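Beneath this line is the structure, given in structure tokens, with notes to follow.
A, B, C and D label the chains in the order they appear, each numbered from 1.
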Amino acid sequence: MTLLHGRARTWAGFAGAAVLLFALAPLALTDFRLGLLAKYLCTAMVAVGICLAWGRGGLLTLGQGLFFGLGGYAMAMHLKIADAGPGNLPDFMQLYGTATELPWWWRPFANPAFALAATVLLPMAVAALLGSFIFRRRVKGAYFAILSQALAAAFAIWLIGQQATTGGTNGLTDIQGFFGYDLDDPVNQRTVYFVIAAALLLLIALARQLIHSRYGELLVAVRDSEERVRFLGYDPAKVKLVAYVVAAGMAGLAGALFVPAVGIISPAMIGIVPSIEFVIGAAVGGRASLVGAVLGAIGVAWAKTALSEEFPAAWTYFQGLLFIVALAFLPGGLASLGGVLRRRRDRQRKAAVVAVGEAA
Amino acid sequence: MTVILGQTFTGISIGAVLLLIALGLSLTFGQMNVINMAHGEFIMAGAYTTYVLQKSISGAGISLLVALPVAFIVSGALGALLEWLLIRRLYLRPLDTLLVTWGVSLMLQQLARDIFGAPNVQTRAPDWLTGNVTLIGGADPLTVANSRLFILGLAVAAVVALTLTLRLTPLGRRIRAVVQNRDLAEVSGISTARVDRTAFFLGSGLAGIAGVALTLVGPIGPTMGTNVIIDAFLVIVVGGIGQLKGTVIVAFVLGVLQSVLEYSTTLSVAKVLVLVAIVAFLQWRPQGLYTLRTRSLV
Amino acid sequence: MSEPAGLEIHQLRVSFDGFTAVDGVDLDVRPGDLRFLIGPNGAGKTTLVDAVTGLVKAEGSVRFGGAELLGRSVHRIARSGIGRTFQTATVFEELTVLQNLDIAAGAGRSVWTMLRRRNDVPEPVARALETIGLTKLAGSPAGTLAHGQKQWLEIGMLLVQDVRLLLLDEPVAGMSHDERQATGELLERISAERTVVVIEHDMDFMRSFARSVSVLHAGRLLSEGTVAEVQADPKVQEVYLGHAAAETVTGVAVQEA
Amino acid sequence: MSSGSSILRRRFLVGGAALAAVVALSACGAKTDAAGSSDKAAKADVSGDTVKVGLLNSLSGTMAISEVTVRDSLKLAIDEINASGGVLGKKIQPISEDGASDWPTFAEKAQKLIQEDRVAATFGCWTSASRKAVKPVFEKNKSLLFYPVQYEGLEQSPYIFYTGATTNQQIVPALDYLKSKGLKKLYLVGSDYVFPRTANKIIQAYAKANGMTILGEDYAPLGSTEFSTIANKVKASKADAVFNTLNGDSNVAFFKEYKSAGLTAKSMPVVSVSIAEEEVKSIGSQYLAGQLTAWNYYQTTAGAANEKFVKAYKAKYGADKPTSDPMEAAYTSVHLWKAMVEKAGSFDPEKVKAASDGITFEAPEGKVTVDGATQHIHKTARIGEIGTDGLIKEVWDSGKPVEPDPYLKGYSWASGLS
């Protein structure tokens, strides 16, 4: 009975979100705001992965920019090749490069199927490789966090240094088409938004399934006491690796969809600062709760836009303050607000009962 | 040959800067396990202190020397304030500390921009620090900048002072006691809260001194802290958390590595290679160069 | 249910940075025994268990059911049928009692099973819930359990793992008298089917429930036998003279030693 | 057996409501400007008695050190125009946005200014990366950007007016100057991004054609502050001069290291193309005295227009605030836009563009003329020497404004570049 009730609630939640994303938002928002929402939803997709890896698995993934970038560049490379047309080099290579033909590592991305698969599989493969080393050697906590940052920073610096083949600091800009559709057309922009919204809902459903599966319970167990899990006969390195790789794939997909939504991918989305910002969104909303992390990511990204539009010269004060207040005083994020209030109320009630009891 | 020697000296001087930047972190991060992203802004506070003092004290040399203790106190006080306001609530959540202090760092940068203006500001180095010393004469002379020697001396002095403080003074004993066993220290009558704050004061104060030193070699502006903070954390992590000697060795090794690689490649490539080397090293020694051996599970 | 297996330790040696914590210990625990391991602080009891479970490197030989354990990784040793608890109860506080037991029961599950939701209560889990008396609390988060209940849950987790050897590190520390009694009876029930080794400071508890006792001192085996034999051993009396009383009082406070 | 997960389910429902709130909030943000236009070319809103323009500069992040002064200068020009009656009888209302030193943010804010605020034109951007990021936005929306910083050329967007120098108005004259002084062995140091890399390609081509040699080429990531090795390499090369295309913070560290290595303006002069008065102030003349810079404007440039500009700027922002080339180009860009609009008699970007050719303005740097074909400006090239007082003294100028040639079509040695 309760089970059915619970399932019904879940479906109602998904249906509500779908109505909001697919019907209300496109009606209520201008093209520009809808485009921004698409961008926020991309960060929310990263947050879904962070919720899984950090919130449930305790891995402080401070280097998600790396995977976001891998996915983004994989997609943008294909789109640039497609924009240039067969036989031509992408515009920036003609301007800044010396090569007369595509570098060998660009060539596979001319194939749309390869590029699409690479947006997700490439980050996952890199994560699997890194993770299998890192977790087997039991690098964790602060070490893992700083290591992730170093990797993201190294990738960004490398990209910047290869101007002739990666666009350097500029990144890959001025992306015109998306698999044959002209991104100039507002209708197509809208379609990109719908694709992103659908992808987000899909990732949420996927993460939900994982979190509620036996694996999800095990992941929480690893987070709370890795050694204990080891004594139960599991290999925690593998458990963590799965969450890390899945989170990387989600970040990659987010990066890939960010490209048609914003029309640009650059090292500015990859280094240390964006990587921290990805985590902060999830943390403000509530790292362990899927809904909290997603709404936190959207909310923080929205707040950044709104605050910087309202106070262009002072908005970083408010942003900093938001992080401090949300994280120092609400460790479970905004998602825990209800619980915190409920507990406080219960405590007061209990205190009242005790007082009454003593009085009697 | 001169090139190799010269690059080694350059590497040592880069290492000295890294060491000064990381030294304060070896207390707050290494000993107390607090990931303080605002540490970079405490360095910035030290640099701006030098700038402000130079406006009121005309002699560049005197104002620099005065700036050392003043910056120590200014940054130290900022650190103690931060500890009291926020960090003490977060000791059990080291990773949250990282994000909260990131917020603090954003606010401090904006504050600097509003007080001192967005552009970088200038300090004058005293004349005795702008020249250089010739180590090997001849057609290809090997020279070392006075400012670099000064920073090296400052770094060595800071390491010695910190070591002596931790080893010999009652305060140092208390800090070590709290680091090793918080509960036991508490029942032995040590106020852990006070020790925490003092240690944070010391660590942040060292950042202030690093800030004074940085005015001799780099820009003084609102984002100067962000430029160096990750490097500083890497030094601590590779050296081994809680291990001063690891920090010292790693700072110099990374400095020399960076300078030698950079000479034969480019700055970008050298940076990437150093980062990759660090990642590889941590695969080999996941707890850093030196580790505290304990029987604890965590 | 598989047969209980015995533990044969031969010339076990563990050292940290030149300090030898376990110094050539021989120990033979027969299948189905309820063995108590006692000794003053620093005697090497916990280190011995650490070595058996692969947590610290050791020299010598540890054979379990005939197979050598030294050199295997922690989770492999665990899979061979050895389970342990720690001085402080480590259950997964954020998971429910049921989830705790389900995870403990599931080390061999297939990927497909892992990725699906748990829809029923597996039979061994239900049985363990019954044995440790926590059936009614199956849905509560483990973090909300009383201290004694957490210890029982931990033991229950070993039961669902179907371990043949349980290594328990001070299971009754901090328990009330009634809880101790209940724990002792639980251990007696369990040892009917499995081998149990208990590290304990509480002498009363030891006297009430031990089937055999080994005494460690300064990394070496001092004495071995039944409770009566060990108590009569003059070497034990020498080591414990004046110690025993203090130990029982401070047993909790010095856990981290 | 699902008590644990039903809490999560309830949260999901609560979350749905919260998502609704977020969407509603962003919708509120949009409502201020009514009409959700799906019209591709968002028309500027000139219906009231004011006309909006966008100021798009980094007010936070690493680039704020340079870009804030450009915004200040733009505001000064707007104040002046408003004080003298505005443009076509309308007062200019500036909308300032923070690009936050982040290229995708620049693109986002550009779109916001055009589509939500419906500005008539936008002024700003500094780095080439930010310009490249916003270029498609302005082109798609058919809206105008005035870009006030010297840059690497090789670009000609129909919706951008380039009021800073292109390469043949800054880099080529600087090379001519070095050649005329007999400084033929060069070492190139630059930040790792488009402008320095392209500039150095041009320098290489020039050197090849003019019998100069390039002894080395080094790049540092933007924001790098560790230059001891590069200083060692430069010193070891024994070059005649250094051509410096470093940007921002890096210059401070580079010149401190340069002096520490014992290199001076006498022994090995450095020609910089990104060091203006503002940077001199933050590095210190202690390290810079005697070094050369190539620009189109200095605070010391003679002329009544400049005296007025410097005086007005200091009166508004403080006597210790210097003026510089990008600030001047920004200031000039607003006045040029005004002149174009008045000639066109309309704020419509197409009409403004059509009217742009031949527009002149008595700018602080001297008379400038808009070249309608390239949408660049005729500018006088100048080489200056940094003095001990922190000001830059002109030591050479091109005599007359140089015609802009962004693709260097008029230079035979540059034929292989684009």
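Assume a contact is a pair of C-beta atoms (placed from the backbone, for glycine too) under 8 Å apart; a residue touches a chain by one contact, two chains touch by 3 or more.
Because the structure is predicted, anything quoted here is derived from the model rather than measured.
S.K.: Farthest from chain D by Cα centre, which chain is it? Let me know.
M.R.: Here the answer is chain C, farthest from chain D.
S.K.: Looking at every pair of chains, which two share the most C-beta contact pairs?
M.R.: That would be the chain pair A-D.
S.K.: If you average the Cα atoms of chain A and of chain B to get two centres, how far apart are those centres in Å?
M.R.: For chain A versus chain B, the centre distance works out to 32 Å.
S.K.: Based only on mean CA positions, could you tell me how far chain B sits from chain D in angstrom?
M.R.: 34
S.K.: In whole angstrom, how far does the Cα centroid of chain B sit from the Cα centroid of chain C?
M.R.: Centre separation, chain B to chain C: 46 Å.
S.K.: Counting only residues that touch at least 2 other chains, which ones in chain A make the list?
M.R.: 157, 160-161, 212, 227, 316
S.K.: Quick check on chain B: which residues sit in contact with 2+ other chains?
M.R.: 109-110, 226, 266, 268, 271, 297
S.K.: Considering chain D alone, which of its residues make contact with at least two other chains?
M.R.: 3, 59-60, 192, 219, 221
S.K.: What part of chain D is in contact with chain A in the complex they form?
M.R.: 2-3, 5-6, 8-20, 22-27, 29-30, 33, 36-38, 40, 59-60, 96-98, 100, 102-104, 107-109, 111-112, 115-116, 127-129, 132-133, 135-137, 140, 154, 192-194, 197-198, 219, 221-222, 418
S.K.: Quick check on the complex: what are the chain B residues that touch chain D?
M.R.: It comes out as residues 3, 6-7, 10, 13-14, 17, 109-110, 113, 117-125, 130-132, 140, 143, 145-148, 216-224, 226-228, 258-259, 262-263, 266-268, 271.
S.K.: Which bits of chain D are touching chain B when the two form their complex?
M.R.: 59-62, 64-69, 192, 218-221, 223-226, 228-230, 232-233, 236, 249, 252-253, 256-257, 259-262, 278-279, 281-284, 286-287
S.K.: Per the contact definition, I'd like the list of chain A residues that touch chain C in the complex.
M.R.: 209-210, 212-215, 217-218, 220-221, 224-225, 227-235
S.K.: Considering the complex alone, what residue numbers of chain C touch chain A?
M.R.: 53, 55, 74-75, 78-79, 83-84, 86, 90-95, 99-100, 102-104, 106-109, 113-118, 157, 161
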